Amino acid sequence: MPTILGQNQYGKAECRVVKITRDGATHHLKDLNVSIALSGDMTEVHYSGSNAHVLPTDTTKNTVYAFAKEYGIESAEQFGIDLARHFVTSQEPIHRARVRIEEYAWQRIAATPPSTGADEPRHSFVRTGQETRLTQVTYDGEHWEVISGLKDLTVLNSTNSEFWGYVKDKYTTLQEAYDRILATEVSARWRFGWTDDGQQPPAWQESYEQTRTQLLQAFAETYSLSLQQTLYQMGSRIIQHRAEIDEVRFSLPNKHHFLVDLAPFGLKNENEVYVAADRPYGLIEATVLRDGREARIPVDLTTL
Amino acid sequence: MPTILGQNQYGKAECRVVKITRDGATHHLKDLNVSIALSGDMTEVHYSGSNAHVLPTDTTKNTVYAFAKEYGIESAEQFGIDLARHFVTSQEPIHRARVRIEEYAWQRIAATPPSTGADEPRHSFVRTGQETRLTQVTYDGEHWEVISGLKDLTVLNSTNSEFWGYVKDKYTTLQEAYDRILATEVSARWRFGWTDDGQQPPAWQESYEQTRTQLLQAFAETYSLSLQQTLYQMGSRIIQHRAEIDEVRFSLPNKHHFLVDLAPFGLKNENEVYVAADRPYGLIEATVLRDGREARIPVDLTTL
Amino acid sequence: MPTILGQNQYGKAECRVVKITRDGATHHLKDLNVSIALSGDMTEVHYSGSNAHVLPTDTTKNTVYAFAKEYGIESAEQFGIDLARHFVTSQEPIHRARVRIEEYAWQRIAATPPSTGADEPRHSFVRTGQETRLTQVTYDGEHWEVISGLKDLTVLNSTNSEFWGYVKDKYTTLQEAYDRILATEVSARWRFGWTDDGQQPPAWQESYEQTRTQLLQAFAETYSLSLQQTLYQMGSRIIQHRAEIDEVRFSLPNKHHFLVDLAPFGLKNENEVYVAADRPYGLIEATVLRDGREARIPVDLTTL
Amino acid sequence: MPTILGQNQYGKAECRVVKITRDGATHHLKDLNVSIALSGDMTEVHYSGSNAHVLPTDTTKNTVYAFAKEYGIESAEQFGIDLARHFVTSQEPIHRARVRIEEYAWQRIAATPPSTGADEPRHSFVRTGQETRLTQVTYDGEHWEVISGLKDLTVLNSTNSEFWGYVKDKYTTLQEAYDRILATEVSARWRFGWTDDGQQPPAWQESYEQTRTQLLQAFAETYSLSLQQTLYQMGSRIIQHRAEIDEVRFSLPNKHHFLVDLAPFGLKNENEVYVAADRPYGLIEATVLRDGREARIPVDLTTL
């Protein structure tokens, strides 16, 4: 046969699971979107349609819900580890499992009058709607790779951004800018150094919160001459402050805010009125690495 | 001619305007999406294509940006009032203007170390991503109609919701529920009693914040036997507490969270593990009115 | 109580039903998204949460699937009529039913070698992806209202469009255009004169195809001085050629294609290279009526 | 410094260009969405913000529009080649260019009465709305890599699909199926063997049309025991019939159509009435290769 089968994987994508944990009248909520991808000894199902090695995608979905009960959801990372380990260790033909999880955050709704005691019901939530937290856990039976991150975190500096001194060729018409809005919708992934069951795993929840804070503060505090510079500051700040992280990759659309020309109306626009543009947008992507480590996060960031 | 022209309107939709106001090192930000619809003496442009009465939609867009400079953006409502008044009073063929605005909220990013004085830069923001604030201002040269509201506010109660005692016909298979998740993505519009320049206008910003709080608290505090009951509680709470509002309409998708059957796996699901479903969804819509007032918010809520 | 209940309705939205009809080896496919809204004697469920008058939304969903089997899906309109009649006539508290349907079109995939006989399998389809067909059927136990239409039909004329002679105020900067691209994404609704079971109903399928053709040809053949003129031509052509239709409403975004200024690069752009813009866009909306009929299609077109 | 810079690239994403070519009264239309990504000697802009090596993303956008005039758009692939070559050969710091293009297809609107001669205007188009054609061209100054493909092509077989004989573990509840609907939304990429200016390039337009036909016919004609088998048939058919293509990768969501249980209503569902589900969905991904060639299409398919 002139054709052969290359890399392949299968599983159930976008299993939406909500887990409620009741601590008396105080409820806790985890809201995840889980996607499973399995690979291994799967040649025959492609060649002949024999499913003898195929655990149905429906079963992988069932497993997500059963594990939410059996193991709970302490963090997206730990839940992904539990699932990936299960598929690789319980099914001989499956040699590798990749679990991707999106997590949606919720805040409590404060009751009225304000809380007066431990027994007041606390079961009401509003979805925060800000960034979506991400994790991807991959396991091959020996080594772990955990890449966490976030998407849809939109940030803006209304000053302290310039852009000048660039190359000018025959197609260049852009004017230099000495005080512009810098805005982007952050998509970031960070890879943990943890790869082995023998190592102490990171404190996943605290790691996320601290990494997010470093990222935001680096964005806010960088006086920016280019979005690349801001990106590098965000990445290196994370590498410096978070020992558990070896590599960070960003995909940063430059959400252009163009100063509106008000001169035709006899008005002067002193960096006050901007049009927020949709398309096209600059797109800046790069990896920032701990020295001596290898880059493994793919160039194109994806979530499902 | 056997055909005639009915209601018509035109304008520029989705003008994205961002306004920065600088108060020393502290910047303030307003982020709006403004849509203009004008109507009046416009028969001829439909019949013959004569544009003699047509102010171009491009001009209505320019006006949005110019007004952001000339009048500032104190609130979405006031900005809509300024714009609507301008079009109706400055162009003889235009008899009615409707301005719809979406407003996106931003929070400040805290710098590190924490703020130590008035001169520390405060120009960094993160988009909150929660609900989108809405307003629609209509003016016919005499009377004002202001309808504000919000969309995409997702809320969830993890208990205190039941559903039973309903009609059962030959197509009914639903089991009664005595403890279920109740979740919805609130789309709400509220109409102000203010209609005349001679009246004192509401404090738009405070009104929005208070109305949103009443809505959330009513959702959290209602022990619900049906989503209709919760809707009515949210609406009547707003009418009772906000004298400036005469009418509220809600469109509430029942975002079903189905309890997963874990029995086949030997597990008992004690209201812990749910699947968050997408489609289909229940859709509950109703108007709640101050007694003696007339309903004017359209049955179908729209934003652009 | 100072608050009262206004218009209200409830039901299941977005019931996705696919119906396969087998005629030997030739299969036929209908692919619908059905949304039910019921209203009537529903005050008590809002006030007290009593569901004694409430047929569950889950039951309305079941009914959609059962009716696909019992009555088949000859056309979206007929299916909507069957459903609306059922709810109003079988449940005493329900006084009015509104059924909205989106229909997705599919084409057959031709096998290879080309069809050679009646027994060759014909069960393979590709979704056309063009416009979505719409219908809304409303029944109050006496009268019918059927409004059909389409959305997402994107059309473009690369010439025969001008725009000049418009009003110029202090905010006008637009240059007049004597040869421009005219493009829009048609959203249209048309109301049938049929209102009574005693009248002969239209041939729904043929009516849709002919109306769509009239609309497209009017777009193609109108030398346009304004999008309003094109809109009116599309509407009046439908009214003139389709006796079963009394009223048409359009919502036409002017999908701007701006001529790119290539002069800085020493190039002349003779109406060749355009940028297709996203936002903002002109939005032109109007109703075209058969003389003597009353306008009943709402100003804001909605689909779900 | 403990951190270093890894892979990085930048450019303008989503440049929407529409090109009209006039051949007398007959117009031709090309509608593309072009994204540029450049990389090379770009360390300094990340470290210090110096833009001395940075051709602005605004310039890359201008180049897209200028090239549409200077070189025309014969095919998406040729246009991508022209652009990629320009950036790498004209700017010393740029060592590699990747151009991604989405192409939207349009059909002519037939005028009425039907065409009677060469001079009848032919300038009216309707967007087909089916699949989006894709290409990605990468050039490093020596070698070319061209990967074309499509997305959003939704196909369905209403019979000739089974699924049984799979692994059953403790979480398996799925029933075996001997006649089911098989539907998927094809996302495919195929890599051309052409890598060198010295080789004769493929006939890009004909290659696309033929590859798409092979893909559709393989889907229609495969009696399927698993979606993996169908995937492999589509891929190997392309490899066998299209000598210019060395590798194909598919990402195929299994768009589940579940048979509705009508038994509670006293009805028998003989593979007639299905619910089209949204989430979760099976996701089947694999590469099919010409024997002896190396796989280079990334595991995760992306478009922008």
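By written order: A, B, C and D. Residues from 1 in each chain.
Operating definition for what follows: a contact is a pair of C-beta atoms (placed from the backbone, for glycine too) under 8 Å apart; a residue touches a chain by one contact, two chains touch by 3 or more.
Quick caveat, the model's predicted, so the values are computed rather than measured.
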| item | value |
| --- | --- |
| Magnitude of the superposing rotation for subunit C and subunit D (Cα, nearest 5°) | 180 |
| Pair exhibiting more inter-chain C-beta contacts, B-D or A-B | A-B |
| Subunit A and subunit B, separation of their C-alpha mean positions in angstrom | 29 |
| Subunit B and subunit D: spacing of chain centres that average the CA atoms, whole Å | 38 |
| Computed distance of Cα centres, subunit D from subunit A, in Å | 25 |
| Set of subunit C residues in contact with two or more other chains | 15-16, 62, 66, 171, 173, 264-265, 278-279 |
| For the subunit B and subunit A complex, residues of the former touching the latter | 15-22, 27, 29, 31, 62, 65-66, 68-70, 106, 109-112, 121, 123-131, 152-160, 181, 216-217, 219-221, 257, 260, 262, 264-265, 267, 269, 271-278 |
| Touch list for subunit A against partner subunit D, complex | 1-16, 35, 37, 42, 45-59, 61-63, 66, 90-91, 93, 163-169, 171-174, 224-226, 228-229, 231-232, 235-236, 239-240, 247, 249, 253-254, 279-291, 295, 298-300, 302, 304 |
| Footprint of subunit A on subunit C - complex, ascending | 170-171, 173, 264-265, 278-279 |
